[in-house]
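Read through the structures below before going on.
In the two complexes that follow, subunit A is the common piece, with subunit B as its partner first and subunit C second.
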Partner chain A sequence: MTSQESMPTARAERRQAKRLRRFDNPWMNPKLFWGAGLLLGIIALGLIGRFLWNLDLVFTGSTPLKLPPLGFENLRKQPGVLDYPLGTDGGGRDMLALIIIGAPNTLFVGLLASLIGMSIGITLGFTAGFVGGRTDDVIRVLADVMITIPPLLILVVFQSAYGDVSLTIMALLIAGFVWQSPTRLIRAQVLSMKQSGYVQMAQLSGASTFHIMFREMLPNLVPYLFGSFIASVTTSIVTAVGLEVLGLGPQRIPTLGRTIYEAINAGALIQNLWWWWGIPTLLLATMFIGLLLINLGLDEVSNPRLRKLS
Partner chain B sequence: MTDKPVLTLRDLSIEFPTPQGVVQAVKSLNLTIHKGRRVGFIGESGSGKTTTALAVMKMLAEPGRVAGGTIDLSGTDVLALDEEKMRMTRLSRIAYIPQGAMNSLNPVMRVEPQLWDGVIAHEGHLDRGELKRRSDAALTSVGLPIHSGRLYPHELSGGMKQRVCIALGIILNPELIIADEPTSALDVVTQRQVMQTLKAIQAQIGSGLILIGHDMGLMAQSVDELAVLKDGELVEHGTVSQIISAPKHPYTQDLISSVPLVGGDSFLNAERNAPAPQRDSPEPLLRFDAVSKNYGAVTALHPMSFTLQGDTPQIISVVGQSGSGKSTMGSIMLGFNPPSSGRVLFEGQDVQHMTAAQSLEFRKNVQAVFQDPYSCFNPFYRVSHALRYPYKRFGLAQSDAQTNQAMAEACAAVGLDPDLVLPRYPHQLSGGQRQRLIVARALMLSPKLLIADEPVSMVDASLRASILSNIYDLKDKYGISILYITHDLATAYHVSDYVMVLFKGHVVEAGPPRQVIGDPQHPYTRLLIDSIPWPDMDRSWGDGRQDWDPAVEEAQAAKVGAMYRGDVSGFELARS
Partner chain C sequence: MGRIPRSYLINRVVTLLLTIWIAATLIWIIPRLSPVDPADIMLGRMAAGAGSVANADAILAQLRASFGLDDPLWLQYLKYLKNVLIFDFGLSTATFPTAVSSLIAKALPWTLGLMILSLIITFVIGNLLGALMVWERSPKLAKVAIPAAMVFTSIPPILSGLLLMWIFAVKLRWFPLTGAYGLTVEPGWDWAFVQSVLHHGFLPALSIVIVTFGFWALGMRGLMITVQGEDYVKLAEAKGLRPRYILYRYMIRNAILPQITAFALKIGLLIAGQVLVERIFAYNGMGKLLYDAILDQDFPVIQGVSFVIIFMTAMSVFLVDLLYPFIDPRIQHEAT
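After this line comes the complex of A and B, so read on.
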């Protein structure tokens, strides 16, 4: 074979080898990359924006009212200006400053709520599955009852009674409604794992309960935990945004949901101020797509059968 | 028998692209199956027998594909059919009887509608009376009572479910039946009954039959022709009698000789060496004191008492069908399962009432080898974890180097290369390798008692003998008493010093294996032995008798009291 002929085949082989490496190393997953990229982009927007942009523009009346984004005109034929590239809202606030502060806040509520929810879920799930008996009955019934209660109903009642709350309190309240499904999931996995050969082997090896729970079982649960975590982040954000759009939740801290609430309240839909509600919505959509991609990616990581040779 | 071929495979090749390159699962296979003939596909796991069958059904799992050759189903080119035509062909012309009947039936549907589904899918909606007539006929033809059609799958026994699957397969009178290890999950008695049903129905509708399996004995008793597959290649093909009496290929010879026979040549190392290490306790090693176990209203084990001295290492076999209480006995001994009454004493100490320190000592001295080598390793860790952890836990390790050396020695003792095996993950090892590692793990801890619960029932036939002889050789070398729980009388005959036959939680016959298995007296033991499929054409098993019904034989056996056929020193079974 001459060198000219071997060149293209070598390249094809390299490409093939790259594909196979990706197959062999499950974490090299494009969906996972894209999902993580989208979320990190939103976090980066919040972090970098804080240094590069004037955040005082989030205060009411700090800018002209209802200016469109750069390159557009509003109904009063005013063009967008470079000082406020994403436009301004009806209260005289800069949209870019609003999302720089608001988007990370929304993400923060979701992450915190599901971190707390997952911790409760792991503890209760393991306890129920491992201890069994009466403890299991109590935890299972509690989780089953809680899962039937619509969280929005309780939260609406609670928040309208207490008025203004901080982001952390809101996350805590939401956490009270996202621990049930991880509890059930982990309990089921622990129950089936308890019967598995390797747990029996560990018992034969004189392993303590602690060792069996955290050294033998937990590592095998990691894919489920990740998946469950991402799912509960999504649920938490949806709940938080839902409350905010209803005008509940933190009153003085900008969040994406609150911005949408104010836009609806001020009749932004009728006045064609699309950037006011459109930009936060777009960011929320990006967040959910990112989370969905991460969830799909993790699914493929933990279940090799979904991986394809392509 | 006519000469019209039902299925012709010509140069059939099947490949699976994988990250490591393309795997040739089947390599240019040529085979013809004639009408009314039963053909056995035999070979180890991974030899391509199921893959071939699935290719005929066009049901190959992704990313497998037919790379070349033709599949001709009495004149139809199967590979050229589109999905819709293939759907119509399945069941009506080729029926597939799956391996795990337990999982193949819909648990929330009664049996009857599941049978109707197939008919409706091929013939459109028929009126209910006609459907009922068809399903009744199918159930009757497999020897099931008509009322069983109104039952849910969980209300049927394993053998009955498998027969429902057969009924499902034959309801449209297919030209070809493919039965993929239809009896591998059943015990010998039920296996015999199911195979008899399958043979009878196949003869009645005159279709071709492909029987996939790895048990030479079962093949000898069930098929006319045998195709021996190895690594995707057809290495030998001929009539059963021809292959069994004069196997040409060395692999076929291996397959035949690896089936242990009662009374045949032993597969064990004859020379016994090295006196066993002395025990330091005057108490008997293990004592069952009127132990029984009930699960609700069901008695799994009736009160049983025995004493195992354990001064000289012995192998005590417990044999019986599934549901005979033998595995319950094993888990009671391990302390996993508390007895309903009575006590289990290990060196004079009640297994259920131990302090933490005693419990650790008990765990060190009583080890087990379980049935399923696939689940015994934590998939998260390298396999060396399973060996290293207990060694350290029981305080046997002096240093890391010494632990590694002990692991290497244990691996070598069971015939594994430690450098090759230990640093791997469980899924990278074969079932046989894993089971040997579990044996190595038990030996490394040098227990006084080893409970081996069906240690070889899930590994390939050719490996069974070598794993058992591993265990047997190490018994004398390390002075380990072994309790061997099995349904396989032939291996029990060879390895054990004493055999107990369990039937519905009772000991029905007990004594040295030469008496109990070599010359069975109790009708139940005889039923078990008669049901073993022998790889011997003259020793008939399914003699075509339609009236052979294990339920009747078992009912008769239940009337006969226990038989004690002699004693061995060191083991004492209380007579009830």
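After this line comes the complex of A and C, so read on.
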């Protein structure tokens, strides 16, 4: 970037001065902030809702059928009632109770799957980058191969063979397909960092491999690791929701995807029961937007060239 | 092979073969690790659904044969691999004597058509918008509106599909709710059929387009930032070329090529997303076939569809990797 490119206006100058005065912490990023806020909101809904709302309403037949949310009318001219503020579904379940339990479940699958996937990725990536040779070849080829296989398709085969699974098993299964990109990313970073001055300096001064890995390299990888983690949370949730919408996954535990599946199958679209599929759709959308904002924010943290643009 | 070094080619071919082999093996092993006999389960479900099953023995025999349950395991595996290579997945259990491969052959053109169409549209729109986000002369509105619109691009197409269905098919009734063509038109190459296909395909395509263009736009933005500072762009400006000409012929043209490799990484997710869109729109493609097969516990079809989709994904990645050096001469594959 050359200086004659942009003639700074007075406003930009003031902004520049303000920027220089304060401690410039790249982590104080508005996108990061809003994204985290959206996700925390959903977590809070799940946590606080558990104490404030009657969760027995999540069982089939515990409420009247197909009541609309408060302030709306359904096709049978029934108004929404305060007892079920977000309406009820076609099986007689309260939508509010359904999302209080379902949304954290969906998020849980995503987080657990990516935590496991990341751990595998960090281990394999560092191993490949450091050990090199045959080990590196095997890990690299395996990651290259597995990254082309869409997780959804293998898991469809798996789950239709096994039937009902628990949330944890589903997360474990998905984890088997989200380790590849962190592995590739970390391997590439480790390979390039190995050549950098400070790592070679550490090596010359006799630091242990462990020290170099975790004290010298890992801190520099943090933004990448976070970004990669968020990306795999997104992939995991998309895969989980995909399985649920195909009628697979946990059959008796409420999740957002399962709710959408039941709504579509019951013809909620044609019957104008928009709250049945709409509320879980909206929550999932909020989740994904939150994750994207965090990812964009992290991009700006790790790549200062992007920060200048916004 | 022209500019491609032999070692690179071998590397890519090995990766392709390994991918197909691992996918086929996983699909083969998974049902065998299951504690229950899939053939029995399927027959049991059919019996439960229909009261009694005609030709139960024949179906059971076919199932056992298609899983090869009577042979030793290694022979079963080798037979299976041979069959998979010629796309023979046995017979469907839901529509019994139909071969799985003929069901897939019927569904595949719809999936490919929808995919290629929506891919081209997103690629063009996404890259153009991404470039406009960086370009100095693009209207102020573009720099505010495009990033705002991109927030929605993190949403999987199934969610956008539901919203679009509700707005345009249920509320406004501009487009049909489900299916790939109208019930009243005969499939054929006449205008009524083509019109019906376009009419039915619009919403599924749109639901994919509006949530995937942002991926290309984001990538393009990053690449444009790099290209912007290049000397040849400055030279073009100094020569007094029209800014629009510089944008298209100097900046986008150089930035767009690496985007093609991004495609290779994304295609798996794109296909998986489209399968789900086809399922909610009951579009006559692989997604609907897969969903119906899951409902019917039609295991040969589930295996067949999964394998074919994984095969397509691996093939496209392979082709992109192979063709890329020809498209972008700047790439020099080093013999490693």
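Just so we're on the same page, the second predicted complex is superposed on the first by the 284 of 310 C-alpha atoms of A that agree within 3 Å, B and C clash if a C-alpha of one lies under 4 Å from a C-alpha of the other, contacts with A are read in each partner's own complex, and residues count from 1 in each chain.
By definition in this document, contacts are C-beta pairs under 8 Å (C-beta built on N, C-alpha and C of every residue); 3 or more make two chains touch, one makes a residue touch a chain.
Please read all numbers here as calculations on a predicted model, not as lab measurements.
Overlay on subunit A: subunit B and subunit C clash in the combined arrangement. Touch criterion not met for A:62: it reaches neither subunit B nor subunit C. Once the two complexes are overlaid on the shared chain, A:220 sits against subunit B while remaining clear of subunit C. When both complexes are overlaid on chain A, the residue A:289 reaches subunit C alone and has no touch with subunit B. Judged by the touch definition given at the top, the superposed model places A:157 against subunit C, while subunit B stays out of reach.
Contact with subunit C, but none with subunit B, is seen for A:242 once the two complexes are overlaid on the shared chain. By the touch criterion stated above, A:206 is placed in contact with subunit B alone, subunit C being left untouched. In the superposed model, A:278 lies in contact with subunit C only, and not with subunit B. Once chain A of one complex is fitted onto chain A of the other, the partner contacts of A:269 are limited to subunit C, with no touch recorded for subunit B.
Counting residues of subunit A touched by each partner, subunit B versus subunit C, the larger count belongs to C. Stretch 236-244 is the one of subunit C that runs into subunit B, the other listed stretches 182-190, 236-244, 290-298 or 308-316 having no clashing C-alpha atoms.
Once both structures are placed on chain A, subunit A residues 309 are touched by subunit B and, in the other complex, by subunit C.
On the side of subunit A, the complex with subunit C involves touching residues 1, 141, 144-154, 156-158, 160-162, 234-235, 238-239, 241-242, 245-248, 260, 264, 269-270, 272, 274, 277-278, 281, 284-285, 288-289, 291-293, 305-306, 309-310.
Interface residues of subunit A, counted against subunit B in their complex, comprise 20, 23-24, 196-198, 200-207, 216, 219-220, 309. Residue ranges of subunit B in contact with subunit A, taken from their complex: 17, 19, 63, 334, 336, 359-360, 363-364, 367-368, 370, 372, 374-381, 386, 389-390, 393-394, 438, 441. Touching subunit A in their complex are the following residues of subunit C: 14-15, 18-19, 22-23, 26-27, 30-31, 34, 38, 134, 147, 151-156, 158-159, 162-163, 165-166, 169-170, 177, 221-222, 225, 229, 265, 267-269, 271-273, 275-276, 279-280, 290-291, 294-295, 297, 299, 302-303, 305-306, 309-310, 313-314, 317.
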